[in-house]
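Chain nomenclature is as follows: A, B, C and D, assigned in order of appearance, with residue numbering initiated at 1 for each chain independently.
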Amino acid sequence: MLYAGAGLAVVAVACLWLFGPVDASSIAMALRFTVPIGFAALGGIFSEKAGIINIGLEGLLIIGAFSAVASMYALSLTPIGANVWLAFGFAIVASAVVALLFAIACIEFKADQVIAGLAVWLIALGFAPFASTIVWGQVNSPSVDGFSKWAIPGLADLPVFGDIFVMRPPVMLLIVAGPLTWYVLNRTRFGLWIEASGEDPKALDTAGVDVQLVRYVGTVLSGVYCGIGGAALALRVGQFTGGGETMVNGRGFIGLTAYLIGNYNPIGAFFASFLFGGLEVIQLSIQRTSDIGIPTRLVGVLPYVIVLVVLVFVGKTQMPSSAGDHYESDD
Amino acid sequence: LVNDGNGSGEADVTIGIVYSTGGLGDESFNDMANAGVEQAVSEFDIAYEDAEPEEVGDMNEMQRQFARQEDIDLVCCIGFDHQTDLEQNAAEFSDQQFMIVDSTVDADNVISYVFREHEGSFLVGQLAGMLTEIEYAHGGGESNPDESVVGFVGGRESSLIERFEAGYIAGAEHAVEGIDVQRAYAGSFNDSSTGQEIANGMYNDGADVVYHSAGNTGGGVFESAQSNGRFAIGVDDDQSISSESFSDVIVASMVKRVDNAVYESIQSVVEDSFEGGTTNDLGLEEEGVAAVIGQDFEGELPEDVTSSLEESRQQIIDGEIDVPTTTDDS
Amino acid sequence: MSGLRDRLAGTLDRLVDASPLERLLISVASLVFALVLGAVLIFVSGFVATCNSPVVFIPGVGYGCYNPIEVYSTMLQGAFGSPISLGQTLQETTLLLFTGLSVAVAFRAGLFNIGTQGQMVLGALATAVTVLWLGPFVPNNAIGTIVVIPAGIAAGAVVGGFWGMIPGVMKAYADAHEVITTIMLNFIATAIAFYLVNNHVGDPSSDSVLTETIPAVAQFPAAIDGSRFSFFALGAGLLVAIGITLLYTQTVIGYELRTSGIQETAAEYSGVNAERNIVTSMTLSGALGGVAGAMYVMMAQYRWQTGIPSLGFDGIAVSILAGNNPIGIIPTSLLFGTLKSGSLAINLSLGVPTELVEVIQGLIILFIAMPEFFRLIGKRSGFGSDTPATSGGEQA
Amino acid sequence: MSADDESADGARPGAAAVHMDGITKRFPGVVANDDIDFAVDRGTVHALVGENGAGKTTLMNVLYGLYEPTEGSVRIDGVRHEFDGPSDAMDAGIGMIHQHFMLVDTMTVAENVVLGNEPTKWGGFATDRAQAIEETKALAERYGFDLDPTAQIDEISIGEQQRVEILKALYRGAEILILDEPTAVLTPQEVEGLFDILEELIAEGKTIIFITHKLGEALEAADEISVLRDGKLVGTVSSAAASQEELARMMVGRDVLLDLEKPAAQRGDPILEVEEMSVEDDRGVTAVSDVDFAVHEGEVFGIAGVDGNGQSELIEAITGLHQPSSGTITFDGSQITTASRSDRIGMGMAYIAEDRQKRSLVMDYDLRRNGLLGCQRLPEFSNGFRIDWESTEEYVDDVIDEYDVRPPDPSADAHSFSGGNQQKFIVGREFERDPSLVVASQPTRGVDIGSIEFIHDRLLDLRADGTAILLVSSKLDEVRQLSDRLAVMHDGEIVAVVDPDAVSEEELGLLMAGEQPAGITAESARVRGGESA
C-alpha cells in the first residue's frame, strides 16, 4: 500500500509536469495544499493505530482553524499583541483539548467511536460559525495577520527549484512531521505500544503497559496534528470563513482517506496527501491556462473517487484489528 | 434580530431583510445590502429584522416568516437565489411589499433591481489590461511590462458570475489585443485558501492584476496579491475600504451599489412611493455599477489610464461599446 | 477490516439491543444533557455577543444578551405558535422521519449508512427531473397527481437505492468500510447533482443552480394553507416506520438481513448469501434516503436547488436518539423537526445564530454514543445500579 | 532485566514458591473463587483441574495480578505481595501464558518477547532492535527452542507461538510459570514437546503451574494436582497416588464414565457419499485432494488429523459453505455437489461448526434468535416469510432444559455464556430437529468433562436412532472412542481408514504425521475396499 501511495504521488508529479508545467511554484503550491490534509492524515494514524478510530478529524481541523484566528483576534486586543506563534499554540491546544474530550468519551465512557467522531465533526461544524457570529457578528472573521514565509538558507538560492524552499513554517513542519511520525511509530517503544494497543490491547496490558494511557496519548496527538493543520490553513489566509462547509471544506475527510491509501504508513499517508494536493494544483492550472471549461465541481471530487477505487482495487487496508473496540483491563 | 433605529421602540416602518448564503461579513455583497439598511435606519425612523440563511433551502421559509408578519412593510431579498421562492411567495402574500436584488420577479408587489455587472467589469478589465502593459509600481504592488497576463477568480460557476467574467475579459481585450486572461473558479464562495492559491498561480504565471468575484474566497486573492507584491481588484463594495488591510494592493473595485438599491426601495416605502412591478436595470449610466479606484490609488494612476477608462465608460453608456454577458464568444 | 466490522456491528447492536426501558432513559437523559449544555453555551456566549437589549448584568462579567429559557421558549413558540409554524414543524418532521428511517434500516442490519444525505440529494434530483418530464403528459387534476407523485417517489427511491447499493457492494465484495465509502459518496453525489443541474437539466433562465418549479400536479396537497405540509406524506412515513418494524421483528428476510450485517460468517452458516443481503440492506436504506429527497422536492421546495439542507445527517441523530427503533423515530423526528423550525425563530427574533441547533444535535449524538456515561451516573446516584458490564468489547 | 535475581532477594529458605491464603474472588453474581488455600513448592510442576467455570483461570489471574482478590493474600517465596497489576507480578517473578495467547500477530517474535520491557538506546527514546533480537535468540537457545526472532507471529505455528509466550515470561525473569490450558491447542507430538520444555525449565529451577481439562496429562506431567469445583478447592493430591477416576470424581462430585461403552453399530445404507472430491482454500491452494468416503446410517465416521490438514475445507465443502473444485457429493441418494447451504439444511443436514463464536452463534443475539439460526426457513419455524416466534421459543426452551444450558435464560446474549454452555446450546439446536446427517467438527473443544460426557452421550443416542454422524476432532481419545470407522487426514488426503479399536494412539500419531506405520495400510485398504464396493 505504501507503494500504492508513493506510486500515486509520482503520478501526481508526472501530471504536474504535463499540465503545470511542473515548476518550483506549482510544487510549492501542492505542498501548501498538502499541509492540512497531511497533518490530519498523520494525526489520524496515531489515534487509529492506538485503537481509537477518529473520523472527527474534519471537526478538529475546523476547531484548529477557528481558534487560530480567534486567538490572533483576541491577542490583538491585549497588550501582548497579535503573535502568530502564540495563536498557533492556542489553536493546537484547543484542538488537542477537543480530541481529549473525544478520547474520554471513547475510553472512559465506552462511546461508539464512529458515532462519537461524527458528533465531534457536527459539533465543530456548528460551533465554529456559531462562535464567529457571537464574536464578530458574522460567520466570517475579519482578516488578521498570518504566517509569513521563511527562506531556507542555501536551498532557497538553488537555481530552478529554489522557490520551493521559501515556505511558511507549517509547510516545513509537515515535511519534518512525515518522517518523524514514521520514526516514532516504527522505531520507538511508544510506537510499539501504539501498534500493540490497536492490534491486541490485552497483550499490551498483560505486558504491563497501560493501554488506556497509550490510547489517550494517541488520540490527543491526532488533536495536536489537526490543530497544526487547521491553524496552518487559517493563518495562511489570515481569515476564518465559516459559511457552508467552512474553509476546511472536507480536507479532514480527505486526510482520513489519505492514510487509508497510505495503509497507516505515515510516509504513504504523506505521499497520498501530496497526491491530493497535486491534483488540486493540476485542476486549477488546467482551469487557468486552458480554455476547455472543465466542470470544476466534478474535478473537485477526484480525491474521493480515487479513494473508492483504491479501497476496492488496490486492496484492503490492514486496519488495526482492535480498532473501534473498547478495552477494559479486568479489575 | 430586531434592530431599532433610534432605540425609541415604535418605528413607523419595519423592514425584513433576508441575505444570501454568503452571509454578512463577506466584505462585499451582503455587507453592501446591510450598509443600505443601516443608512436608511440612520435617516428615517425605521427598524429592521434580518436573517442569514445557511442554505438556499432556508430562504423560502425566511421570506415567508417576514411576509407573514403584519408589522413588516417591506421584505428585501438579497441575491438571485431568492427568485424562484419569491415568485411563489409574492403571489401568495399579495399585499406584502418585496424587493429583490440581482434578479427579476414580475409581480406588482415586487420591485426588482438588476445590475449590468459586465459593464463595470469591462472597465476594471481594461484597467487591468493597461496596468500589465506598463511599468507601474505603487503601494504594495508593481507590474511587469514584459508579460501581458491578468487573472479572474470566480466563486462557483453561475451565469451571474459569468457576466463579471465576460465583461472583464472583453475589457482586457479592449486594452490589449490577445492578452492572456487566466480564469479559474474556486468551487466555493467560502474557500479563501483555494482563492489564495489560484491567485498565487496566476501571479506566478506573470499576472499583474487579478480580479475576483468570489465572496469570501476573494479574501485569499488579496492576501496573495499582497504577498506577491502584485495588484488585485475588488468587487461589489469599494474593498480598499471594506478590506482596509489590503488597500495597498486593491487598485480598484467593481462597485455594485446594492446599498443604493436597498436604500431606495426602503425610501420608496417610507415615502409611500413604492411602485411594485418595476424592474430597475442599473448599469454605468444609472451609476448602479462603477469602477472605483482604490483609496490608496486615488490620483496615483497614470493620466492616460484614467482618461481612457473614462472614455470607455462614456462609449459603453452611449452604446458604442457593446459588452458581452457570456464568455461563449471568447 | 472485517475485524472492525464485527466489533462495530457488536457496538451498534448493543445500541439497538439495550433493554427498551434503559434505552429510553438514556435517550431522554442525552436530550436533557444536550439541552442543558446548549443552555450554558447560549448563556455564556451572551456575554461575548453584543446587543442593544441585554437580559442580565453580572458585575465584573458584563452584560449577557441571551436568556436560555427565553431562547428555548421562543423555539417552541416558533415551532408550534401558529398553524403555519406547526405545519412547518410537521413538514420538517416528515422529512426527518424518512431520513431517520433510512439510517435506521442500515443500523438494524449492522451497517452504518452515513450516506443518506447523498442518496437524498440524488433522489431529489431524480424526482424533480421525472415529474418535470411527466407533468405535461398528465391531466392537471387529482388523477394527474395520483400518477405523478407515485412516479416521483419511485424515481427518488430507485436512484437513492442505487446510490446506496454502491457502498453495499463495496462492503460485501471488497470489504471496504461503509462509513468511509458513504462519506466519500456524499461529496460525489452533491457534486454530480450540481454539475447536472448547472450544465444540463437545470433552468437556463435562472442565475441560480436550480431546476424549474415542478408542476402543481406533482406537489403534495397542502394540509394547512400558508404551509406546504401534507398529511399524505406524513402518513406514508408512519406506514413505512411500521412496515420496517415488522420487517425486522417478524419476517425471515428481516432476520437474515440483520444477521448478515451483524455477523457475516454466522449468516453463511445459517444458509443465506450474506454478501447479497448486505447489498440489499444498503439498497433499501438508500431507497428510503431517495424517498426523503422525493418528499423534499414534492412537499417542501417544489424544485431541486443547490444547497439542500443536511436532513441526511440530521437523520443519523434522529435514528440514534431513537435507538434505531423505527417506531421510536416517530417522536425523535418530531423533536428534531421542532428544533429545526424553532431555530429560524430564535435567529429572527433573538439573533441567536441558527448553528446553535447544529451544536445541540451534535451534543445529543455524542451523549447517545456513550450509554456508559449514564450508567455510571446511574450507579453513582444509586439507582439503576449494578448492570453487569457485558459491554462486548472486552470479552476475554 | 535478567532472570535470576529479583524474586530471589528476601526469599525465605524453605518457604513454598507460591502460597495463596484464603483467596476469595467475587464477580457480580458469581463467587469465582471461594476461600481457596493453594500452595506450590519451588521446582515442581503443579496441575490445576476442574470443570468450566470452576475458577481455575480466575485463581491464576489473581496470582498474576490481573484480578485483585476480594479476600485473601498471596505470598511468593514467603514474601507477602499486593499486586496492582501484572507488572507487579512479573517483578515478583511470575509469568503467565493465557488460554488465548497474548501475542500481537503483526509484530515479530522478538518484538513480542520484549514488549513492555524494550531495550532502548539514545536515552530511552529509540528501541534497540538489534539487541532485542540478540537477547531473544540467546534466551531461545538457552532453553533449546528453535525460533526465528524476526519471524512475524501470524506466520508461525500454534506450538511455536506458545513457545514465544514462554520466552516472553522468561525474558521478564519469571521464576514461576502459569500455563492456562496449554495443551488444548496442541497435537500429541507437540504436547510431548511441551512437556520436554517443562522438564527443561524445572531443571533450571523454575516452578510451573498448569491448568488442564485432560486428566491423563495432569497425571503424566505434574508432581501434584489440585482440583477446583464451584470455586472451592476440593483437594490436592500427588500424581503418583492419584487415578483418573478419582480426579474425575473430585471434579464433578460424582462418578464419571470416562470411557463410555457403546453398543455395536447398526450400520444402514450410506447417507453421505463423497467421491474424488478436491477442495481449494480461499487462496486457491489445494487443501483437499480427491478424497473418497461414505458415511452410513447409524455409524460414526471419524476424521482424525492435525489441525490444518484439510479437515475444515472438507467439512465446509460437505456442509455447503465452500464449493469443491472437483468431485461429487451425494446426500440421501441425491446429488448435492452444487446445492446451496440452505437446501442441505432443508434436507436434514445438521452442522456443529468448529468455530462456534464465528459460525454457529451470533454472539450479539440472545438464545431465542440464535435458536432460529439456520432453521429460519424450515417449515416448523416459519412459512418462508413470516417467522413463527411461538414455536421458535418453545423449541429454544426445550433445547435449554434438555441440554442443560446454564444460565437457562433464553433472552441472554450468546456472548454472556461460557464456551461450554454455548456449545451445549448449539448441539441441542442441531440435534433436536432430528437430522439424517450430523456433521460435528471439534464438538467438545474447550468444553469441560461434564459437558463432554453429555455431548458424547447425545451423539451416541443419535447413532442408535440410525442417524449418520461425521465427526472431526483433533482430540485423539475422542475420535477413537466414538468412531466406528476412523479416517486419518494428512496434507489434504485421507491416508488411511482404520478400525479405531485396532490401532494404538502412537500409530495414529504417526499416520497424522504423514508416516505409514507397518500393518496399518492393509487394514485401511480393506475397509476402503469395503467402501467402494
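Observations
One rule holds in what follows: contacts are C-beta pairs under 8 Å (C-beta built on N, C-alpha and C of every residue); 3 or more make two chains touch, one makes a residue touch a chain.
Keep in mind that what you see is a predicted model, and the values were worked out from it rather than measured.
Among the remaining chains, those touching subunit A and also subunit C are B, D. Each chain gets a centre from the mean of its Cα atoms; for subunit A and subunit B, those two points are 35 Å apart.
Mean C-alpha position of subunit A lies 46 Å from that of subunit D. The distance from the centre of subunit B to the centre of subunit D, with each centre set as the mean of the Cα atoms, comes to 77 Å.
Residues of subunit A found to touch two or more other chains are 137, 139, 202, 295, 297, 300, 321, 330. Residue positions 21, 52, 156-157 of subunit B are each in touch with at least two other chains. Looking at subunit D, no residue sits in touch with two or more other chains. By the contact rule set out at the top, the touching chain pairs are A-B, A-C, A-D, B-C, C-D.
Residues 21-27, 52, 151, 156-157, 182-185, 187-194, 196-198, 200-202, 204-205, 216-217, 219-220, 222-223, 227, 243, 245-246, 330 of subunit B are the ones touching subunit A in the complex.
Contact residues on subunit B toward subunit C in their complex (touch as defined above): 1-4, 7, 21, 49, 51-52, 54-58, 60-62, 64-66, 68, 80-81, 83-84, 87-88, 92, 102-103, 156-160. Partner subunit D is touched in their complex by these residues of subunit A: 187-189, 191-193, 195-196, 199-200, 202-209, 318, 321, 329-331. Of all the residues in subunit D, the ones that touch subunit A in their complex are 61, 64, 66-68, 85-87, 90, 96, 98, 102-107, 111-112, 115-118, 120, 124-127, 129, 168. Looking at the complex, you find that subunit C touches subunit D at residues 9-10, 13-14, 17, 250-253, 255-256, 259, 262-263, 265-266, 268-272, 386, 388-390, 392, 395-396.
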